Amino acid sequence: MSEYLFYIVAAITVTTAVYLIFEKNPVFGALYLIQTMVSLAVLYILLEAQFVAAVQIIVYAGAIMVLFLFVIMLLNLDIKEEARNALPFQRIPAILMGIALFTVICIVIRSKLLQGKQDQYTTAYVQSIGNTKLIGNLLFTDYLLPFEITSILLFVAAIGAIMLAKRKL
Amino acid sequence: MLDLVALILLFPLIGTAVNGLAGKRMRKETVGYIACGAIGLSFLVSILVFCGLLLLPPEGRLFEKHLFVWIESGSFRSLAALQVDPLSTVMILTVSGVGFLIHVYSIGYMHHDKGYHRYFCYLNLFTFSMLLLVLSNNFLLMFIGWEAVGLCSYLLIGFWFEKKSASNAAKKAFVVNRVGDFGFALGVMLIFLIFHSIDFTEVFSAASHGNFETGNFAITMITLLLFMGATGKSAQIPLYTWLPDAMEGPTPVSALIHAATMVTAGVYMIARCNVLYMLSPFTMTVVASIGAATALFAASIGLVQNDIKRVLAYSTISQLGYMFLACGVGAFTAGVFHLMTHAFFKALLFLGAGSVIHALSGEQDIRKMGALKSHIPTTYKTFLVGTIAIAGIPPFAGFFSKDEILLEAFVRGNFIYWSIGAIAALFTAFYMFRLLFMTFYGESRVDHHTMEHLHESPGNMTLPLIALAGLSFVGGFLGIPGASAINHFLSPVFGGHTHAEIAGTELAGHSGHHGAWLPYLMMVVSTAIAIAGIFLAYQMYIKKPDLPKKLTDRFRFIHKLLLNKYYVDEIYDALFVNPTKKISVKILWKGVDVRIIDGSVNGIARLVGGLSNVLRLLQTGYIRNYAFYIVVGCIFIVVLAVFGK
Amino acid sequence: MITITHYLVLSAILFTVGVIGVLIRRNAIIIFMCIELMLNAVNLSFVACAHYLNSMQGQLFVFFTMTVAAAEAAVGLAIIVAVFRNKETVNIDDINIMKW
Amino acid sequence: MTPVSIMTFNILSILPILILSGFGMIVLFVDIFSSRRWGEKNLLAYVSLLGVVLAAIFGRSPTGTTLFSFNETFTIDNYSLFFNFIFLLSTGLTILISHSYIRREEINHGEYYALILFSTIGMMLMASGADLLSIYIGLEVMSVSIYILTGFKRSKLISNEASLKYFLLGAFATGFLLYGISLIYGSTGAINLKQIASFIAGRGGIPDPVLLMGMGLIIIGLGFKVASVPFHTWVPDVYEGAPTAITAFMSVGPKAAGFAAFLRIFMTAFGSTHGEWQKIIYVLAILTMTIGNVIAIAQTNIKRMLAYSSIAHAGYLLIALVAANNMGISGTLFYLLAYTFMNIGAFAIVIVLSRKGDECLQINDYAGLGFKHPFLAIAMTLFMFSMAGVPPMAGFVGKFYIFSAAIKSGYIGLAVIGVINSVISVYYYLRITVIMYMKEPTRDFHPLTISPLIVVAIIISMIGTLHLGIFPSKVMEIAQQATLILK
Amino acid sequence: MDSRKGELIRITTLLVSIVVFVLSLPLYFNFNAHAYEMQFVEKLPWIPSFGIHYHVGIDGISLFLILLTTFLMPVSILASWHITKHIKEYMIAMLVLETGMVGVFASLDLFLFYVYWELMLIPMYLLIGIWGGPRRIYAAVKFFIYTMTGSVFMLLAIIALYFLNHRATGEYTFNLLEFYRLELSFAVQFWLFLAFAFAFAIKVPMFPFHTWLPDAHVEAPTAGSVILAGVLLKMGTYGFVRFCLPLFPEASHVFIPVISWMAIVGIIYGALVSMVQDDLKKLVAYSSVSHLGFVMLGIFAFNIQGIEGGITQMINHGLSTGALFLVVGMLYERRHTRMIADFGGLTKRMPVFATLFLIITLSSIGLPGLNGFVGEFLILLGAFRSRILYASIATSGIILAAVYMLWMFQRVMFHEIIHEENKTLKDVSKREFAILIPLIMIIFWIGIYPNPFLRKMDASVNHLLKQTGEKAQTVSNLQTQNTAVIPKIDIVSETKAEW
């Protein structure tokens, strides 16, 4: 069951991703990306990462992508935006490079993976406590410092966004 | 008395210093007195030293005076030390004596010159250098004198530096001498390498004690190299070309340096090294051959020259050739003897020529002279003495010395040497009398303007002439066959090789198959040759004045060849001077240096600069482009990381 | 059976697509979206690894990545807006004053 | 029962970070409450300076020991302390040189100083982070702040463009970095550097391809930050477009932070696979030096020239990384410190000479400076010779250190290429002095208004450059102690 | 700047340099000629963590070079009286230069040596670039980069020595005297010798690395040329003596033919190119190539005469060529041209000058009785003792020297005065006289009584030869085998230390 689900969702993900990079209209592009993200959220659930899946939809697909859409509309961008192409000759090499990169990655991940120490968080264990609770625990214990620093990051981003985008200071 | 030897050097040096530093602010007379006084004192000391030497037993006539250690490096050691022995005594007497006379003469001759004090400064310096050359006790110190006389020669030839020809001649003299010095320097080094010393005494005693067999290669090389130096200094083939040009200097300079003393340095040096030379028959042959060839060659050029000083210059070269011929056949005493008599009469001739030139306000072309006999009688008379002396008419000095050389050439050498010498002697007599006749006899070809100023030279010029004439007359008796004083005196230097054994009475015994009559026959023959030359000149220039022109027309080619000195200067220019200049400019400087070396240095710089301008184009300013580089770099790195074993 | 490899291949595809998008698109916002796509691909790989390793660190990392992405998005879009204010375009091929 | 791991909670260990963030806030508050007029905003600079100084003072902790805190996500050791000093120094100097500049450019906002302070926090985290997550977060804090600072001259298109380029490319490169981290995580199951190291050690030091690829991708991400070819392309453009004071900051702080992370990750986590990554760095080092130096020759804009020079210096530092011996690491530390002095000094001069609306950035604009403003010219000459590696300046000792390290590890070829490059670099550094001293002025220098703060910065830089050049011993010893931790 | 202030600066600098010279004199008088060890040694820790010391001292080899430096300095400063532009900076540069030069000759710590070696580039570069002629920038940059190119390789070699020494003794030090004791394998010596020799050969400059020299000389101000020719070039030859020979004896022996031929080509080539120059300074510059060729030939003769001659010739060249540049500078000050064709007949207007010029010219030619001869003869003698062929070819250089110098002298000083401007030239002033006279006095002194100089260097040179000879013997078989084959770089494995 989950196998079919995986393949379907994966297909959707890839398709929307490919649509994203070939779509002329940025609004549609954003929508495709949202779709990709939502599909990924499904995969996260398949991987038993419910909290991440939720955040993916709420924060990523919801907040961030809406911000994108918001800006696209604010700037009133249309299809003509990409009229000028200074590097037409880069297209084919770029795609070839992408394929090459993909090939290399595939060759690499064919080899032995997951050689590392298996951790204690087996499915059963996680379910016994709850995914979200575990993550919360870890965030306020082991990863407290990065977590706090993230606040600075967000603060910086807020200041920056205001600084750069505010019409009048 | 011998201890005074350093004073011989000191006086001229003081003269140089005083005249050089303060001469400009002194009266001309003072300058002259200081200069002459310095040399005069030097001469007096030389006589004292000579007497001192005479007091010693003949075998012990060697005195060395150490002054200080000059250069010492490792086993190499060159002292500043003086050596007095018969040979150097002969030399110092000649140099300071003749030098003194010429100094006196110069007072009058140079009286009107602006560089008066400079002149005497140089002249004194020259005398010092020459005395140093002959007094030094090792090769390197000798080399100092050797080069220093070259320097003085340079300075004095170029004395009238405003004349381009003079400065050119000066430079030529120095450079050609340097070519010779090249050989000399190498010779000295080779001596050090072979003998581990450069002291005369040590080298010669090592050489004469049978450590080296005759014909030893190293010794041959040493002697050849030293002889190379001698050819430069003494103007032998192939390095003689500077001497005729050197006549650009003031005439007394020509007399002193380019006739009487400096040019004989080569002869002196070979005589000094006779021990070495005797060990190398090959070198001796070379020396004799070159000497003979030069004697003939220069004499032949002298036949047709029209410049009074040039004739004398070629004559000098020719006479030097004789001396080398003498040395080359092993007759060192004969060489030195001729050196001395030659100093007397050639100085006399030059000074006489100077007097003529002085009288004619600078005219040197004998075609514009003539009939001066009555106008400048003293000059004429003394000049006549000198001419006879060089021509080899007994009993004048030249006769004895030249005759002895010819005899030696015949006895020790071979018939060819003798015949060349004889022909050269014929030439000598001819051109000298040609000179005499054209200058003092016949019709006057002097232009009016010059004629008005025609006058006999002042006393301080004529007195040296008379003195030298006297010496030219009596000088020969020092080496009169059979009772040769100079042979006796020099024999300690030339040891077993002296010609005392064969000269004079002992001759018969030594070279038995020729018989005792040989010397006398030789005398007769050479006198006959001289007279033949004189007769020929008389015929051509007094009796039939139009004969020379006919002959010239008849043998146009030979005449032109002789007149242009066999084009040797031109050949040298074409062979050495011009190609060197051309190669230096075109290939080395503009080609190798600018184009290749500098070009490649700047080329690398330009290459990097060009590369910079190409590579910067990668920086297109397009973000996508930059991202592309990142991806390329990524693939490269990943491939290198994963597969790059 | 869906193995880790499946997820990782999918992740690789998404990542590659994102890279290609960055290379061929000219609209700054779309490029930015492609970069977001790359980040998402990475997130997938993290979560997949975490799952198969029985580890939580991957999920945590994804959480941080998202936060960072949010911050970046805010700043990035602000920058794009600022550019647009001055230049009236978001075509990065037109934004090319500085080169060489 | 919920397992709650017991935290090694040591607030003192992050005291400098706390001080800096606190002062970041204070600056913002001061800005809000201070007058709108530009003239009274001097306080901002002084407050932020105070923050830096305090952070420097309280950032000291007993040396010689390694202190892990926050469950091994944060390390305090001599190594990170040394880097903290470099960061604080570059921050302090940047603030000093910014003061007059941002007033002239009318971007005198509290946010400017706050962002600088925040980005310093990011750098510190990069140097101190004990796992990949901390390092990543630190990197992002630093980068995002600098993206903003680069575009701080909002009204200038050149600044916008720089900011956009930096941002897009930075985010792109970060994508690779993250992917690398995920692969390492996938392979080792750990993001903590020590655990990664013990994993590799457990497998006999033989890494598998996934790990290697992850390593390669991390090199890309950090190579981008330290401006290594071929990830350097943003550098000239961004350096040119950014506000000059930020360019100065960018060329020292983030570069140092990049190397701090580079060294810590590769020496601690991948130390036993040295052979695998040194060949990559080897190639990168050669490319970076050569391309940086060669292209710098053709530059006419001084900021671009310094940008390429900064790339070249990254190349020299990579040599030390290749050598990977304690000499190389301490050499890197020393070099970065020296580079901070000389580079900020050079930019300070650039700032002094520029005026509003007339940036005076062409190298030819410096003609005749030598005798018009001897002090500035001497300072500039000093910095240029130092960067060229001429004794007795700091740059020479740094290069000496690095080449020594290379030779010690037997990389003669690399050292030879390095010195050849350093000769090439002489050309363009020398050109500045040529133009200053040997060319007649092509333009008149208006009377410069030189603020005392920037003079202080120049003097500090000069003293630093000379002191490190002539008496490097003390700093060398500290640097050597700092490296012992990594082994 | 007002002229009084300028005058004050000049006089102060002059006094300082004279005081330095006077202070350096005790070095000579208190120097123990019988000891080969370094004397007047100062050793203070400088960078202890690297084993770097401020370690200076002199022996018979460096003694005279230091004295030459301190002696030429007041002379040069006196010759810079005409500088009016930026006097203060000029004088500072001169004094810094002096520091660097003395430092180079006195350093016994290789790191310190390198620092001084490079340090002295900066003031020289500024001197050429700021106070030089029309193409000064090109010349200055070329000078700087060219020299730097050589020296960076030396830096690498120094570092390599440092580690090799550590490997051998376990001690980290840059002490030259310690390095002397190192026994290096031939291959290592080979490469390190090359690195050192490259730096020094550029500095000397040996053919074909000489092209910076004419440019730098031509464009430099008079004092710059004097220092450049007088002292800077000596650093190269000094480097060979101090470092290459004793540190890498076997390699040095192997390189005898290469270096000797380069020297010989330099002698002849320099002379020929010099001969056809039309610019006085260029002529003198190329003559330096020739003269320094002699020095190199002497050093690589590997015997006492050669090396002592080489050192003497270093001093001589400093004096004679320095003096020649001063003379050319005096002409330039008067006429603002250095083209030979613009002169001619100057003797008439400037007799005193002519005399001084002539003496200097003759000294440069190597006339016996003047200084040049002593050095040249000893060099040639030394070279002759080791390889007759080399010495024979090189000796022909003395002919060429006469040609180019005298031809130049003739064209400048002799003939009629053709150019109007030359008719009003003034003879040497008191200041110029004061500049030249000390030089000329020493020229005579060394020429006539060189032994005090030679004696002081005896012990050191003997020791040097012992070092080179003894070390060379131990691996003497190696050289014959390795002459043809360039050894592979196994220095990597030799230096590679454990991590």
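Just so it is clear, A, B, C, D and E label the chains in written order, and each chain counts residues from 1 on its own.
In this text, contacts are C-beta pairs under 8 Å (C-beta built on N, C-alpha and C of every residue); 3 or more make two chains touch, one makes a residue touch a chain.
Computed from a predicted structure; not experimentally measured.
K.L.:
Tell me which chains count as touching both subunit B and subunit E.
P.N.:
Looking at subunit E and subunit B together, the chains touching each of them are D.
K.L.:
What chain pair has the highest count of contacting C-beta pairs?
P.N.:
Maximum number of inter-chain contact pairs occurs for A-C.
K.L.:
Nearest chain to the global Cα centroid?
P.N.:
Checking distances from each chain centre to the full centroid gives E.
K.L.:
By CA centroid distance, what chain is farthest from subunit B?
P.N.:
Result for max centroid distance from subunit B is chain A.
K.L.:
Distance from the CA centroid of subunit C to that of subunit E, rounded to the nearest Å?
P.N.:
Between these chains, centre-to-centre, one finds 64 Å.
K.L.:
If you average the Cα atoms of subunit A and of subunit E to get two centres, how far apart are those centres in Å?
P.N.:
Chain centroid spacing, subunit A to subunit E, equals 70 Å.
K.L.:
Quick one: report the Å distance separating subunit C from subunit D, using the average Cα coordinate of each chain.
P.N.:
Those two chain centres are 26 Å apart.
K.L.:
Taking the mean of the CA coordinates per chain, how far is subunit B from subunit C in Å?
P.N.:
97
K.L.:
At which residue positions does subunit C touch at least two other chains?
P.N.:
4, 8, 15, 18-19, 22-26, 31-32, 48-50, 53, 55, 57, 60, 64, 68, 71-72, 75, 78-80, 82, 92-93, 95-100
K.L.:
Could you list which residues of subunit A touch at least two other chains?
P.N.:
In subunit A, the residues touching two or more other chains are 86-87, 90, 94, 97-98, 101, 104-105, 107-109, 113-114, 116, 118-119, 143, 146, 150, 153, 156-157, 160, 163-164.
K.L.:
Do you know which subunit B residues sit against two or more other chains?
P.N.:
605, 616, 619-625, 627-628, 631-632, 634, 638, 642
K.L.:
Using the contact rule from the top, write out all pairs of chains that touch.
P.N.:
Touch list across chains, by label: A-B, A-C, A-D, B-C, B-D, B-E, C-D, D-E.
K.L.:
What part of subunit C is in contact with subunit D in the complex they form?
P.N.:
On the subunit C side, the touching residues are 4, 8, 11, 15, 18-19, 22, 28, 31-32, 35, 38-39, 41-42, 45-46, 48-50, 53, 55, 57-58, 60-61, 64-65, 68, 71-72, 75-76, 78-80, 82-83, 85-87, 92, 95-100.
K.L.:
Subunit D touches which residues of subunit B in the complex?
P.N.:
Answer in residue numbers: 605, 608-609, 611-613, 615-616, 618-619, 621, 623, 625-627, 629-630, 632-634, 636-638, 640-642, 644.
K.L.:
In the complex, go through subunit D and note every residue touching subunit E.
P.N.:
324-326, 370-371, 374, 385, 390-392, 396, 400, 403-404, 407-410, 412, 415-416, 419-420, 422-423, 426-427, 430-431, 433-434, 437-439, 471-473, 476-477, 480
K.L.:
Which residues of subunit C touch subunit A in their complex?
P.N.:
It is residues 1-2, 4-10, 12-21, 23-27, 29-30, 32-34, 36-37, 40, 43-44, 47-57, 59-60, 62-64, 66-75, 77-82, 84, 89-91, 93-94, 96 of subunit C that touch subunit A.
K.L.:
Touching residues of subunit B toward subunit C in the complex: what are they?
P.N.:
Subunit B residues touching subunit C: 616-617, 619-624, 627-628, 631.
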